[in-house]
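What follows is a pair of complexes built around chain A, which joins chain B in one and chain C in the other.
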Partner chain A sequence: MSKALTLALSLLSTPALADWQVNMNKGVTALSREIFDLHMLIFWICVVIGVAVFGVMFYSIFKHRKSKGAVAEHWHENTTVEVVWTVIPSIILIAMAVPATATLMDMYDTSEADVDIQITGYQWKWRYQYLDEDIDFFSNLSTPREEIVNESAKNPNYLLEVDNALVIPANKKVRFLITANDVIHSWWVPHFAVKKDAIPGFINEAWVKVEEPGVYRGQCTELCGKDHGFMPVVVEVKSEADYAQWVADQKAMKLAMAGEASKEFSMDELIAKGEGVYQAACAGCHQPNGQGIPGAFPAITGSAIATGAIDAHIDIIVNGKTGTAMQAFKEQLSAVDIAAVVTYQRNALGNTVGDMVQPSAIQK
Partner chain B sequence: MKIWMQAIWSVMASFLGVQSNANRERDFEHGRFSVFVVAGLLMTFAFLISVFGLVQLVMMYVK
Partner chain C sequence: MATVDVDLPHVKDEDPHHHGPAKGLGRWLYTTNHKDIGSMYLIFSLTMFMIGGIMALIIRAELFQPGLQLVEPNFFNQMTTMHGLIMVFGAVMPAFVGLANWMIPMQIGAPDMALPRMNNWSFWILPFAFLILLSSLFMPGGAPNFGWTFYAPLSTTYAPESVTFFIFGVHIMGASSIMGAINIIATILNMRAPGMTLMKMPLFVWTWLITAFLLIAVMPVLAGVVTMMLMDIHFGTSFFNAAGGGDPVLFQHVFWFFGHPEVYIMILPAFGIISEIIPTFARKRLFGYSSMVYAVASIALLSFVVWAHHMFTVGMPLVGEVFFMFATMLIAVPTGVKVFNWTATMFRGSMTFETPMLFAIAFVVLFTIGGFSGLMLAIAPADFQYHDTYFVVAHFHYVLVPGAIFSIMAATYYWLPKWTGHQLNETMGKLHFWLSFVGVNVTFFPMHFVGLAGMPRRIPDYALQFADFNSMASVGAFIFGFSQLVFIYNVIQNVRAGEKATAQVWEGAQGLEWTVPSPAPYHTFSTPPKVD
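Up next is the complex of A and B:
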């Protein structure tokens, strides 16, 4: 008995309760709190209605039970009662629409944004383009493979971590223009109360104004193929000064990368670099060992293209192959990355072609 | 005139989803099909106009 009591008490203690949070969270923006409050208001209205309706029902069933000699009435209609139980819910629904409309109007008000960012869903990564800043990068899952295949312990942000997070300034209105490149994805960050479908050919808008700097995590929430669960969203909210510094750093990095592209690399340098690019950008489909998945993704090992003319090999990576999952990588990878991954595929994963390509020879 | 009022009233009842059996029998015995079609279209139009007007009103109020 006392054991059961201890167990019950320990289940009620705070950490256990935190694990069992089932409600949506309040989030970190004024809008997300407004949405939370609306949700709670509607929730309690539903609770009151549920208790009243089921209360009357259970009371009637109990009070007028057969063993007490209750006899069923036989009647066809009662227009008054029917009108009452139709009109009252209608009025409640219309009353609930009033606060809901106010909140929706706020959600859709993307006017007067300070920062505009285009978000594009790809199989299976996100691309972030800062429309006023000439900043453009891809955000890939960075959870190590060993954790995914249970060869090492999973870290707390398992499958919720990326190589390049989306960075936005705190206390600024940031507008997102959300679309997709291949299939429908959906960009979701629970703490922002933003969940918007990313649809090829359409642009959906959303906005946030986050008060506190911090890291916020989310996921793709539209089943989009094999690695749907492997394209998380990570947003880093920085103070205004830190954000300005980050923007400056990004621009400096871009200049440095342009410089790299004209450098000469040795074969070993390219292969070493290429392995990193391959594992991050290609292994999801062609598999870490280059064997591919028969029927879906061709093997790189022994591939006619990866062991054939180097120009065709470069071309399929730069321009992709229309109508297949093999996408154009020219926007996603730098000339250095492409030269490296080409050289890697030709001289590793069981291939021994023996040639290489310099970044300066990559025509994007 | 009376047949029109009755038709409109019955269309409103159908919008609400509640109608008495007495009215239903009356409509099926004395009603005219064409009158119901016209009354139905009219009421649908009136409904659309009122939803549209309501939305306009709300938008004006918010802006």
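Up next is the complex of A and C:
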């Protein structure tokens, strides 16, 4: 039922799905509408100037042509005219800059937020940490590989869907603290008119207050490497009651996950689970078949790490390798996932080491 | 014309006994003749235009439909990066330098460039710079894949190994540009014919003089920023590495301090060309000559204080946003003056529409559309919605393709009869124009729409709602790309044969270059002409 409702809402809230869309989305916040109005204002100013200038030009092209017997006149300057067409555009621009500055001031007013969420860009996923709740998760593209490589039909939210959407309450001022872990990313939701670069070493601020619940979709907008085109942003805006319920659910889920980590798994269970983790977290660089990309991303098949000492193998996954694209996965993957993917890499993709590791042995 | 040796104190003929070009390959390797060097720059730039164009077509072919069809994302990123670098540094800039080499001495009545040997050197290092850059495509890890703006740390810590070759290539290109610029300034300031005061110079000369100062001011900044990258990559410094106390945003500030004037380096000479062509075919003097000069100078000055409008979303303080918004909007004023002046030049003229004029009019109209989207981008709050989307791609392609590139084509058609001695084949020229005009608009206009609808730039695959306009843009790109074969045919055909051109070539043409025979002799103005 709630799934159906979400789906219905998502259809309602994304008129952008209509093809041949030619203009900006008006958006769903007071600020996004203000920005849309500025956009339309400057657009119409350009149209009016364009019609006037091109009008004169095309009139001349039509009338003052040699084939119609036009004879060139000799004047080639006129101070009055030149002063007029310097001063008038200046006045228009100043008139334009005033409302633009007012809107900017609104955008920069991040004070008195009800909810604070830290957003961290990773190659190629987003991490959302709710600073007032103990909620922390990653959001990955969930479009199946088969759709991307044209082996199956593309669903309507192709490339704009994730495994875990960011969830925020409606009618609350939500402040985003945006940063990055590796390279620069940029977090954009067109319907909120929020776009802010996620920069390592910096924390940028933005805010949003959405009136209507719904699902809003955007993308990373700063080139961040190979899968820049494959790190969407999905925000689910819930009514206050639904949001409170969601927060409670997240906490319950976290407790359940903690219990999982102390369980014993069989090798087959780990390999089966590890394959899913590998495809989601590793295959982007190391490739689905483990062959890597020569010169850019090393192969897993036959690699010294994946076939060497298991502790070193776990360490590079947990802590990453500084100065390379290999990130630390300790925050992103649970102990169960890490144990599974280590076991998978050592016993699949052409490797046959034969050993395994239990989640309880993963030191994060 | 003047083929007699005259002893002039300020004109030094490098070989008084030898007036024709040397024979064979040596002519091109050792030449110090501005016309030979100009031709080499132009041929080089056309070659690069074709290579960069093939890359653009690979990009557009991949984007024809949603899904990954032809190339992997990593190779797609290499294509966008190399396409940008090659078009900016390999096609547009050398084309303008080539035109400057050919035309500036002839327009100011000088026998050659002021520093002919340096001229040879500044050309001949260019092919090597681009061989180095292009060879990175075949290196392990592939070519640079971090965008032509090469933002750190994607271009440092996370870059493919070929980045070092990219840095080396950029250094060589920079050295070439600086030498070219010094040469142009030295030529214009010292070698004008008697009587040609600064305010009598043709506008192409004026715009190039200002452009050359921009080049000298900002190419060292580019060299600085790539050297800082080199240090970060190989010598353990942390200019741009946050983990070492560095600042990734500093990279962007330094890059755009170079990058914004660079944008004007690619458009000011175009303004000059258009200001030559429109009066010729309107048979009426350029309206507001001095305001044109002042407008170009103010655009050049303003270009140093607007760089951060490329960075509205990096989290600058509010005052920074407001300052860069105001400064950027100011640029619209002198730019508007130029467009109004061109329109006033046409008004009550006696116009004909030969190929150069068609390109020039298309330039004015389409460049103005690019200017309008630029004005929209200047509105900082709205820029948060436009930034890094296809709207930006549409904007800068409108100012660079039907802007800079159309002006180069207009200039080529305009001066080609002077270079080769053959009249243009107008039918073929017009065919090239109309194919290009349609192609360019079908390619780039829909990009405004997908950008506003929310499509980010530099992505190899996209959501379904962007599919229709993207396939349209791809069709346009192939029309535009293949119609350039007509351009190459036209140029080659004109070099080989054609109706004999007069010295005047175009009925309404004014200026010293039209007083020498067509084709222009190997040495012109060995005796300076007198300008009243």
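Everything that follows uses one rule, which is that the second predicted complex is superposed on the first by the 320 of 364 C-alpha atoms of A that agree within 3 Å, B and C clash if a C-alpha of one lies under 4 Å from a C-alpha of the other, contacts with A are read in each partner's own complex, and residues count from 1 in each chain.
Simple rule for what comes next: a residue touches a chain if its C-beta (ideal position, glycine included) is under 8 Å from a C-beta of that chain, and two chains touch if they have at least 3 such contacts.
Keep in mind the model is a prediction, meaning the values are calculated, not measured.
Undergrad: Please determine whether it is chain B or chain C that touches the greater number of chain A residues.
TA: Between chain B and chain C, C touches the greater number of residues in chain A.
Undergrad: Go through the superposed model and pick first if A:K195 touches only chain B, second if only chain C, both, or neither.
TA: After superposition on chain A, A:K195 lies in contact with chain C alone.
Undergrad: Output check: A:A244 vs chain B and chain C. Expected answer is one of first, second, both, neither. What do you get?
TA: After superposition on chain A, A:A244 lies in contact with neither partner.
Undergrad: So in the superposed three-chain picture, is A:E77 touching just chain B, just chain C, both, or none of them (first/second/both/neither)?
TA: Both partners, chain B and chain C.
Undergrad: Touching A:M105, do we find chain B (first), chain C (second), both, or neither?
TA: both
Undergrad: Contact-wise, after the overlay, does A:V51 reach chain B, chain C, both or neither (first, second, both, neither)?
TA: After superposing on A, A:V51 lies clear of both chain B and chain C.
Undergrad: Could you look at A:T86 and tell me whether it touches chain B, chain C, both or neither (first, second, both, neither)?
TA: After superposition on chain A, A:T86 lies in contact with both partners, chain B and chain C.
Undergrad: From the superposed pair, tell me which chain A residues show up as contacts to chain B and also as contacts to chain C.
TA: Residues 76-77, 82, 86, 101, 105 of chain A touch both chain B and chain C.
Undergrad: Sort out for me which residues of chain A touch chain B in the complex.
TA: Against chain B, chain A makes touches at 76-77, 79, 82-83, 86-87, 101-102, 105.
Undergrad: Along chain B, where are the residues that touch chain A in the complex?
TA: Chain B residues touching chain A: 16-21, 58, 62.
Undergrad: Using the touch definition from the top, list the residues of chain C that touch chain A in their complex.
TA: Interface residues on chain C, with respect to chain A: 66-69, 73-74, 77, 139-142, 145-147, 151, 153-154, 157-158, 160-161, 242-243, 246-249, 282-291, 313-315, 318, 321-322, 325-326, 329-330, 332-333, 336-337, 339-340, 343-353, 361, 364-365, 368-369, 372, 375-376, 379-382, 384-385, 387-389, 448-449, 452-454, 456-465, 467-469.
Undergrad: Would you pull the chain A residues touching chain C in the complex into a rising list?
TA: 16-25, 34-35, 38-39, 42-43, 46, 49-50, 53-54, 56-57, 60-61, 64-67, 70-78, 81-82, 85-86, 89-90, 93, 96-97, 100-101, 103-105, 107-108, 123, 147-150, 154, 156-160, 182-184, 186, 188, 190, 193-197, 199-202, 204-205, 218-230, 293-296, 322-325
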